[in-house]
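The following block contains the structure, expressed as structure tokens.
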Amino acid sequence: MFILYGIGALLLRLGMAIHAAGMVRSKNSSSILIRSLADICLTTLAFWALGGAILFSSGKILDPHLLFSLNSAFFLVCVTLVASGIVTGIASERSRFLPMCAVSVLLGALLVPIVARWQIGWLMRLGFIDAGRVSMIHLTGGLCGAVGAVMIGPRSGKYNRDGSSNGIPGHSVPLAAIGALLMFVGFIPTILGMAANGPMDLNPAGNVLLAAAAGGAASLLLCHWRYGKADVHLLIVGFLGALVAISAAPNTLNIWAVFIGAVAGLIAPLAALHIDLIWKIDDPTSGIAIHAVSAIWGIIAAGAFTAAPFAARMKQLGIQIMGLLAIAALSIILSGALFFLLKATLGLRAKEADEFDGLDLAEHDIGAYPDFQQTTIKSYHLREA
Amino acid sequence: MFILYGIGALLLRLGMAIHAAGMVRSKNSSSILIRSLADICLTTLAFWALGGAILFSSGKILDPHLLFSLNSAFFLVCVTLVASGIVTGIASERSRFLPMCAVSVLLGALLVPIVARWQIGWLMRLGFIDAGRVSMIHLTGGLCGAVGAVMIGPRSGKYNRDGSSNGIPGHSVPLAAIGALLMFVGFIPTILGMAANGPMDLNPAGNVLLAAAAGGAASLLLCHWRYGKADVHLLIVGFLGALVAISAAPNTLNIWAVFIGAVAGLIAPLAALHIDLIWKIDDPTSGIAIHAVSAIWGIIAAGAFTAAPFAARMKQLGIQIMGLLAIAALSIILSGALFFLLKATLGLRAKEADEFDGLDLAEHDIGAYPDFQQTTIKSYHLREA
Amino acid sequence: MFILYGIGALLLRLGMAIHAAGMVRSKNSSSILIRSLADICLTTLAFWALGGAILFSSGKILDPHLLFSLNSAFFLVCVTLVASGIVTGIASERSRFLPMCAVSVLLGALLVPIVARWQIGWLMRLGFIDAGRVSMIHLTGGLCGAVGAVMIGPRSGKYNRDGSSNGIPGHSVPLAAIGALLMFVGFIPTILGMAANGPMDLNPAGNVLLAAAAGGAASLLLCHWRYGKADVHLLIVGFLGALVAISAAPNTLNIWAVFIGAVAGLIAPLAALHIDLIWKIDDPTSGIAIHAVSAIWGIIAAGAFTAAPFAARMKQLGIQIMGLLAIAALSIILSGALFFLLKATLGLRAKEADEFDGLDLAEHDIGAYPDFQQTTIKSYHLREA
């Protein structure tokens, strides 16, 4: 079954690539997919070369038997690809290609394996609840992406001098929505695979579906209340945020799954707006809100709604927050160190002219849609004079 | 296994969304995907809140354990999403967003669960043959969509004063074809999951594949005979119609699967043309022909080709027709009542100006493809002066 | 499980269709998908009608029980669809529709079943190593496509009088990359299904993933070394080539999987360039390099790196080469005979005017993207005056 769960996680990864491709401008749409391909290759090799040794504490790097011995090792590589895919999306449209390859290596070789090891080590002994390993996949990837977004800076033209934010629409809403739906389909086996070591007497699949539905419905209501219309991107953020949040506790009872999902469906879109408008962190795919913020909510909710007396729940909540802080600190420190190093050496950011031309042309010498006329030759590139 | 079959049904649902997105004009292509997302959320919640209580006659609404207790409940929600997705496609390009949400609730809370309950109740006692539950998924969805299409009316510019019909091409044939192929892939596990309660000593997967192939080949011949060329949309209608038809009796012997599929591959495209040209019911995705018409043929064929003496087969045929009539009557009455109510209150139909601008802009304030030049600013919108 | 592996193979087939659709010009993008649909139908029927009789030596054609009796028969049809899909891609953009239907029939009825039968017959007795049946799927399809590409000739405008080659970019890089990623996802269950009869004590899934990663990374390095940039098409060729190569021996030890994959990631892109620039065989999807060349490398590597003393390995290598030659000869002779016959009767090649207009319009009377302005009315069609 781990093989099938792993294939489900690959479908989730493919959905992330499609979603990200739809969310960027057409001039960067090849670039984001080339990065997804490279990320899949490099993260896998890094996990095999070093990450596995850390996770299984085998002491051997480049272990010739690693992916042979355990079907679960295959599954773990597949979910690590999900974590690294988050960063690819968040850093799109203005980062350079090579430094992003180094980020894939960091996630596959160090960050995800260390957190995975903590989860079966001291966190498990403490009683940290995270059945779907959301802190290992989504929190690490989301925070690494957030650190990257801050260090790389926003896309040119994203923020005006008066502090206001310009929406930079992705080149294909259908592609983004199809990617989000495929992520939804892939999420279910991924979460099941992760929760397979926990108590499986109950049915996580139904719960995940219900939480996603509640999240989508909540963000639909939020949109109608605030804007009087269903906004496709906020709807997607709420829908996917609910899937991330329920990952932390897919075995909770239905009625709580509805609640956890619905709250995630409110928190994630509001966080996406807040990150963009107030914190001015530029995140083309809203990956920080979908993955990091919803993961934090999910971990907290998993502790707060555990079936126990009040005092025990408060204690559990403390454990959850401690675990969150430890994992967040590790993610931010490792990512920050790497991005700092990369910025000082290779340089993180594409030249402004390259950003203007689009990374497809500048870095890969290709146009994504040669047969179609585009609204301006180089797609729009905003800049205040 | 029900989890995997359910994931297969979600792939089928995703294929339907992609197919529908390709079949509408670019100005409505975000709209149809937002509706698919909302439909998935609302149908799931409605099934959980009320539909499950009807289906399992548990007497509890908002049952906190419903999706926990049974893996098959997860699968049933997934196939209910397929039923409601049919209506989303048929009613696209001119219906309003909110009333369509109510339709999702109707299907998830009442129509599909009632038919599902009939199928394990009085229809089963009568000996109604429908191994793949085609009457529960495709007949209900297809007829609900047909009622909707009649009540909403055709898209502006679809029919001329002299009664002739204009073809309104979808904005992306590749997207439509890719969606149809993904539906094909998802159909196999869906049918297997449905038939899993029936006799599984034989191999429905091979049968389904063969019927689809026969259906596609038959509609290919039909196209070449009538038009001298392979028409992609009629080919898709025949191919998918055969998959629907064989759902009713996936356990029939190969040679009959070929026959049932091939006939469906003729009936479905001819029905699609008839519905458009003679009945003047506007159905952008040909969902009525694919789902409702092929389901009727499948149910009848399942009775007619059952392995029994002639008299028993005639009796079986009577049972099949009686079941069909009962389910069709329920679908039409419930859908008709809802659409009537919605028309009298919210209004079913988008304003003509909104239809002209496209629902993406009018209802969701977004353009699907901002980087591409379109053939006219608002895509073509036909109207006789 | 064979059902699930078969569904995985169908996802691989769908990925091939999406990849090919992205690699052709927009004026041929409907055509390629119609052909994929027709190919799926006709290959399935041909396998059922005749191929199964050959493979299982049942002596009955049109066997009414064939796809009933064995789940593995369903799986075998699905992988046969992969073989025939290779030819569809290679022959795109300039071949006529009807002759290509005959090619689907050849592959489904004769070529793949005969090789499959050899593999469980005299090749197995000889000790031919090909756990993932790469010679049955990829070598047959790739060589049949190569014969077709030679007999049909290059697309107009592909080669100049001075012998230089024009790049004819596909209409959608994102579609091509998404298709390639879906192929990757589908490859894993396909290979697992194929290898399921061999020793399964080890974990082929992890191996396949690792080989693909090594192949992608190797072609990334190759691109950077030769061109100073990551070329998306060469990267895809290397990535998919590694998946094909590892199919021959998915049960080899990890460390060899990395080596086999990495070498395939070098050989396949170089072969693609060589076939285009030196041999001047026009292959829009690089299917010959991805499938045929990588299959040859995979079969040879499977023999060369078998765990045995040097003399035994040399003997094994001889057996591998003999098997390769036999299968290649059969593929080339059968395909050559059919293409020769088709050329003499129906004609293989579309009229130049039809090629200029695009096969969508010429053969199927449809435009793939009616809502979008294209860079020239008929997309670019190169021709030296």
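Order of writing sets the labels: A, B and C. Residues in every chain begin at 1.
Note that a contact is a pair of C-beta atoms (placed from the backbone, for glycine too) under 8 Å apart; a residue touches a chain by one contact, two chains touch by 3 or more.
A quick note: this is a predicted structure, and the numbers were derived from the prediction, not measured.
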Item to check | chain C against chain B, contact positions shared by both copies (same if over half, else different) | outcome: different
Next on the checklist: Can you report the angle of the rotation that maps chain A onto chain B, using C-alpha atoms only, to the nearest 5 degrees?
Outcome noted: 120
Checklist entry - Where the CA atoms of chain B average out and where those of chain C average out, how many Å apart are those spots? => result 33
Next on the checklist: Touching at least two other chains at once: which residues of chain A meet that condition?
Outcome noted: 4, 172, 369, 372-373
Checklist entry - What residues on chain A touch chain B, complex-wise? => result 4, 8, 25-27, 169-174, 177-178, 180-182, 184-185, 188-189, 192, 202-203, 205-207, 209-210, 212-217, 220, 227, 229-232, 235-236, 239, 253-255, 258, 369, 372-375, 379-380
Checklist entry - Along chain C, where are the residues that touch chain B in the complex? => result 3-4, 6-7, 10-11, 14, 17-18, 21, 29-30, 33-34, 36-38, 40-42, 44-45, 48, 62-71, 73-74, 77-78, 97, 172, 175, 360, 363-373
